[in-house]
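Got some structures for you, see below.
You will see chain A twice below: alongside chain B first, and alongside chain C after that.
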Partner chain A sequence: MKMPGMTIKHASAMPAPTWSWLKMNNVKIEIPDGLERNCQVEIDAGDALDNAASFEGSVASLQERMDAARAEAPADGRAMIDAATGADRGAEKLDVPALSAYEHRAVRSEIACDIASDFETGVGTDIRAYLNFLAGGTAVLAAEEDEDAEAAIRVTTRAGEASGASVDIVAAPRSTFSVTLSLDSSADAPSFMGSTMRVFADRGARVDITVYLTASDAVTCVEDSGFVLAEDARVTVRHVVLGGAFTATGLSADLRGDRSRIDVDTSYLASGAQQRDFNYVIRHRGRKTVSNMDANGVLTGISKKCLRGTIDLVHGAKGAEGNERETVLLASRGVDNKTIPNILCDEDDVAGNHGATIGHVRPEQLFYAACRGLSQEQTEALFLSAKLEDAALRAPDEAVRANVVRLGNQIIPHFEEEIA
Partner chain B sequence: MAKNRTEVADIDRSLYDFSYGEEGFERLDAGLTPDIVTEISQRKNEPRWMLDLRLKSLEIYHRMPNPTWGPGIEGLDMDNIVTYVKPNTEQKNDWDSVPDDIKDTFERLGIPEAERSYLAGVGAQYDSELVYHNMQDTAAKMGIVYSGIEEALHEPKWEAIIREKFMTLIPPTDHKFAALHGAVWSGGSFVYVPKGVKLDFPLQSYFRLNAKGAGQFEHTLIVVEDDADLHFIEGCSAPKYNVANLHAGAVELFVGKRAHLRYSTIENWSKNMYNLNTKRARCEEEGEIEWISGSFGSHVGYLYPMSVLAGRKSRSNFTGITFAGTGQNLDTGCKVVLGAPDTTATVETKSISKGGGISTFRSSIVATPAAEGAAASVSCQSLMLDDISRSDTIPAMDIRAKNVDIGHEATIGRIGDDKIFYLMSRGISEEEARTMIVNGFANPVSKELPLEYAVEMNNLIKLEMEGAIG
Partner chain C sequence: MSTNPLLSINNLTASVDEKTILHGIDLNVAPGETHVLMGPNGAGKSTMGHVIMGDPVYTVNEGSITFDGADITELTPDKRSRAGLFLSFQAPVEIPGVPLSSFLRAQIAGRPGLEMRGKEFRRRVKELAAELSMDTAYLNRELGVGFSGGEKKKVEMLQLLLLQPKLAVLDETDSGLDVDALGVVSRGMDAYRKATDGSLIIITHNTRILEHLEVDRVHVMVDGRIVREDDASLIPWIDANGFDSFEREAAAAAAGETR
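Moving on, here comes the complex of A and B:
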């Protein structure tokens, strides 16, 4: 049965909004009209496919530990607590700052200290509900305590269809879990695919996630994830976004446990009239937590990209460090690049750093290439080719590599021969 | 063992925190109605177009929503704000003629002394009206016009310029408080610097809001013609009351080809003030705007001077410092539109938060498709002086041009132990080391201020090297 089209508004919303005229606070996701629901998801996980494990149960267990630690914490008399719990009395109580809406939310979340309530995914609840509907159920993948596990998830869609995956990943204490997610489609008519993922990394667990998005120009694609990290957990995420007419990538991570760490490495390419949207929210709640976000992209044609990156250093996250960096190469006239790297800081014993470099091929690079007979256009095409080559060389398996090559051949003539 | 922590003492506001009665003053009713707006216009005997603009602005104000992204303004009830308070005097051009209590106010703030020592002209506004305006003969002979904007509005020659430019950079539709300003603006300055004229000494306007529960809505309009040069200084203060006061001024700056304008401000309102001010400059070819901005006072602050670089090779430099102490939520920053080829912008800001205060740096850099070859760099640093305060950084960049070079960097944190250790290993005491680091943090801003303002800022940031928090 064909489904009516749908618009999901305010998706991938950043926690602290800015001026609405910039149109950067969130994104609107258009689900094409007339698609048929057809879930095409392959999960190759061997013994890791385990419905006995539970994301909610793991969160509850962590909550118990957090509650026990909180019971011993001294009372908090900060003015911001007064401001968030009492009515705003404006100038009549001048020692209480007039909080913004997001500051209210932040303080209330801190007071409640409820991991389940705080849980969020990067693109948001509406798209998660839609993807859960498409998937028709959630697969639970688990790594046992002190064990290693691997999983490969492949999501695809066909022309005129909508396909989605919903996966929970639970890594028990000191386990190692390596997950590859491929979102690929060569559909030549409007279609949709996506995945939503919840990840719980327990004490000392290590989770590595690699996501490749290699859809054709007719596909709308969403990759949505949310992470909870317990003490000493470590997560690395690699997002490689190379195709798709419109893509929304969202990641939200709750570094709840002390000394937990997440590293997010994003590589993207947009050509033609493609649109890329990224929303990263890393909330440091545990002490000595670390996050690194590194994004690197190339925009050509009349493509558009918006990257929202938020490092939230929550009160109590003493010794935390968050770093964020983006480098964008604008390879054509007509591209539109939006970047908003936010740091929210409610704790002084922390370090937050962010930087962004947005530019074109530098004159000395052009000169070097010109000396070897390359025009500016050819030089810029080299950067495109380099991005695709890197993705192909670092592909986690042959199937994903083949997807990259197929996409590369559509963008760059004889790409396959170049990398052979 | 508890570590010593740097603490910045609360600002000594005794210099600013005094007030006089309002005997003989005229107050309109609180609230916002077409009748009040019309009465303000009639009292000023304005041309019809201005009344029309006011009434249209009022309509826009009523239909626009409050901002939802910034500090809470629920404590600001416009039904309780008096939008017009006229002091018991007309505008004077010699201090002796100004009523004693008003004169005493400005003398305590050092305005006449500053005028004598280094200024080319001074305007002083008390509540809703200018009470003093004067410019040195040398500046007048150069053809510079520096007067009250309402006074200029009654001169046919200047009325034409004002009508052409008034609220075009900041249209009433820009945001709710721009619309409010358009409806009830009163007082402010008009400056015209003719082509090729360079003024060596600054002009200054000082705004004092004395009336309890009132708003101040001055409008500053400056036109610096081609190849001209001006430094304009703006200062503001108010006594502290236990009810909300409002400042919603507007500053519109027009910088001609190859012209240069430096606009320096120390916003030092009292802690019951909602400071919702709007400032904007437009630069033509090779024109340059420099903003020097210090934000200290206010309960709530929304302040983002904006540069529209419309001419090729025009430039904008923004240097700002924000200090948010107890009970303050100051949301400050800047906006830049790179709207022509080879335009350049630099933004350097510092913020300090302490005592439960909240400081937010918010900015936007927009490069339009016309801005080929443009470059911008943004640097913002935030220093947290205790663990009960908050500091956020929200910088947006929207780049639509090719061959641009945009850089952004930001850091947030407290004074690093490694820095203290480094200095101590070279024989400097811990206390001195901390003082050096905090002074060094604020120095890039204070060195850009005129001497008297730098001294005032240093007084505002007085370091106290004791305490054992955390």
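Moving on, here comes the complex of A and C:
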């Protein structure tokens, strides 16, 4: 049965919005009209495909530990708490501040310390609900305590179809879990595919997630994820976004446990009239937590890109450090690039750093390349092919590499032969 | 001087930001010849190399450049390169995001006789890297990023050997190099000459790099003018006496012009 088109508004929303007229606070996702639901997902996980473990159960277990620790902590008497709870309705205390809607929500969340209710994904609840509907159920992949596990998830779609995956990843204490997610399609007519993922990394667990998006120009694609990290958990995420007419990539991470750490490395390419949207929200709630977001992209043609990166240094995250950096090369004049690094802070003993380098190919670089026989167009194309070549060289498996090569062949003549 | 020069520069005047840098330069280089362009710092030697290559920073106000029988004065740098000209940079540019191997492959694409694909290309580049004592790990690194000065110059030599141009202008390729790196650059120049019998214009103010080369002509440039031309015997003379006398003569000539 064909489904009517749909618009998901306010997707990938920044936690603390900026001026609306900048049109950067969120994005609208248009699901094409007349698509048929056809879930095309392959999961190769061996013993890791597990129906005994659950994301909710793991979160509940962490919640118990957090509650026990909070029970022994002294009461929080900050004026912000009075303001959020309305404890000073008579306005007797002079230091009770007026809170914005965002601050109010943030303080209420601190008071509740409810991991399940704080859980969020980068793109948001509406798209998660739609992807769950497309998937028809959630697969749970689990790595047991002290063990190593691997999984490969492949999502695809065909012309005129909508396909989605819903996966929970649960890494037990001190386990290592390596997951590859491939979103690939060569559909030549409007279609949709996506994935929504919840990841729980328990005490001392190590989770590595690699996502490759290699869809054709006719595909709308959403990759959504949410992470909860317990004490000493370590997560690395690599997003490689090379194709797709419109893509939305969202990641939200709750660094709940002390000394937990997440490193997110994003590599993207947009050509022609393609559009890329990224929303990263990393909330440091545990002490001495660390986050690094590194994005590196190339935009050509009349492509558009918006990247929102929020580091939230929540009260109590003493010794936390969050860093975000982006390097964007605008390889042609018609591109539209937006970058919004955002650092929220309600704790003194923390460090938050951000930086962005945005630029065109410099004249001296153009001249140097010209001295080697490359025209401006050829030099700009070089950045494109270099990005594809790097993605092919670092592909996690042969199937993903083949997807990159297929995409590369469409953009660069003889791409496959060149990198053979 | 050959009657059929490969490169012929006639009465060339060039400027940047309305300041004239080169004044009425005449220079002819025949096929297979090695010329040396010497002079003190700021004489205009590097500008000359860049103008020959068509750097858009400079404006040619007068004169012409003919290469291989065609007037290239108005030609873009990429077309000059494809016609067989090469400029080795004094300070090679870094291009983050582009691996050296991708850059090399793009250079030979579409060049008759040079185009190679896949394994053939990699084999050739590895051979050249070995010839220049260059670690092949550099081929997968971003162009110039984190390279030492010596490695950057080796990459310049690698490109020279890969492209086999008809004429190469080497702009102070020897500057800032230690003895070992200098040896590698000399080997690169020798290999280029042996492989192609191409022409060279070596821009330098250091005579060490010339010790193992057969030099046909030496040009001394001061204040944007060629003030002296001679055979290779001029090199030891400059080594012993420096450029002072040329600078004094140029200053006297300029004073005479203004009177």
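Heads up, the rule we're going with is that the second predicted complex is superposed on the first by the 412 of 420 C-alpha atoms of A that agree within 3 Å, B and C clash if a C-alpha of one lies under 4 Å from a C-alpha of the other, contacts with A are read in each partner's own complex, and residues count from 1 in each chain.
Just so we're on the same page, a residue touches a chain if its C-beta (ideal position, glycine included) is under 8 Å from a C-beta of that chain, and two chains touch if they have at least 3 such contacts.
Treat the numbers as computed from the prediction; the structure is a model and nothing was measured.
After the alignment on chain A, I want to confirm one thing: do chain B and chain C clash, or do they fit together?
fit
Counting only touches as set out at the top, which of chain B and chain C does A:353 meet: first, second, both, neither?
Once the two structures are laid over each other on A, A:353 reaches chain B alone.
Determine how wide the angle is at the CA centre of chain A between the CA centres of chain C and chain B, giving a multiple of 10 degrees.
After superposition on chain A, the angle is 80 degrees.
Counting only touches as set out at the top, which of chain B and chain C does A:369 meet: first, second, both, neither?
second
By the touch definition at the top of the document, which applies to A:418: first (chain B), second (chain C), both, or neither?
Only chain C; A:418 stays clear of chain B.
Quick one: classify A:22 as touching chain B (first), chain C (second), both or neither.
It touches chain B, and chain C stays clear.
Scan A:98 for contacts with chain B and chain C and give back first, second, both or neither.
First partner only.
May I ask you to decide whether A:111 touches chain B, chain C, both, or neither, giving the answer as first, second, both or neither?
Neither chain B nor chain C is touched by A:111.
Chain A residues in contact: does chain B have more, or chain C?
B
In the superposed arrangement, which partner chain does A:129 touch: chain B (first), chain C (second), both, or neither?
A:129 contacts neither chain B nor chain C.
According to the stated criteria, A:273 is in contact with first (chain B), second (chain C), both, or neither; which is it?
After superposition on chain A, A:273 lies in contact with neither partner.
I want to verify one number: the closest Cα approach of chain B to chain C after the superposition, in Å.
15
Spell out the residues on chain B that touch chain A in their complex, using ranges where they run on.
Contact set of chain B toward chain A: 68-77, 240-245, 271-272, 274, 299-300, 326-329, 331, 356-358, 362, 364, 366, 369, 372, 382, 384-414, 470.
Within the complex, which stretch of chain A touches chain B?
Within the complex, chain A contacts chain B at residues 16-20, 22, 24-25, 78-80, 88-104, 313, 315, 318, 328, 330, 332-360.
Give the list of chain A residues in touch with chain C in this complex.
296, 298, 327, 329, 363-365, 367-375, 378, 382-383, 385-387, 389-390, 393, 414, 417-420
Quick one: in the complex, what on chain C touches chain A?
Contacts found on chain C: 53-57, 76-78, 81-82, 86-87, 89, 92-93, 95-99, 102-103, 105-107, 111, 117-119, 121, 140, 159, 163.
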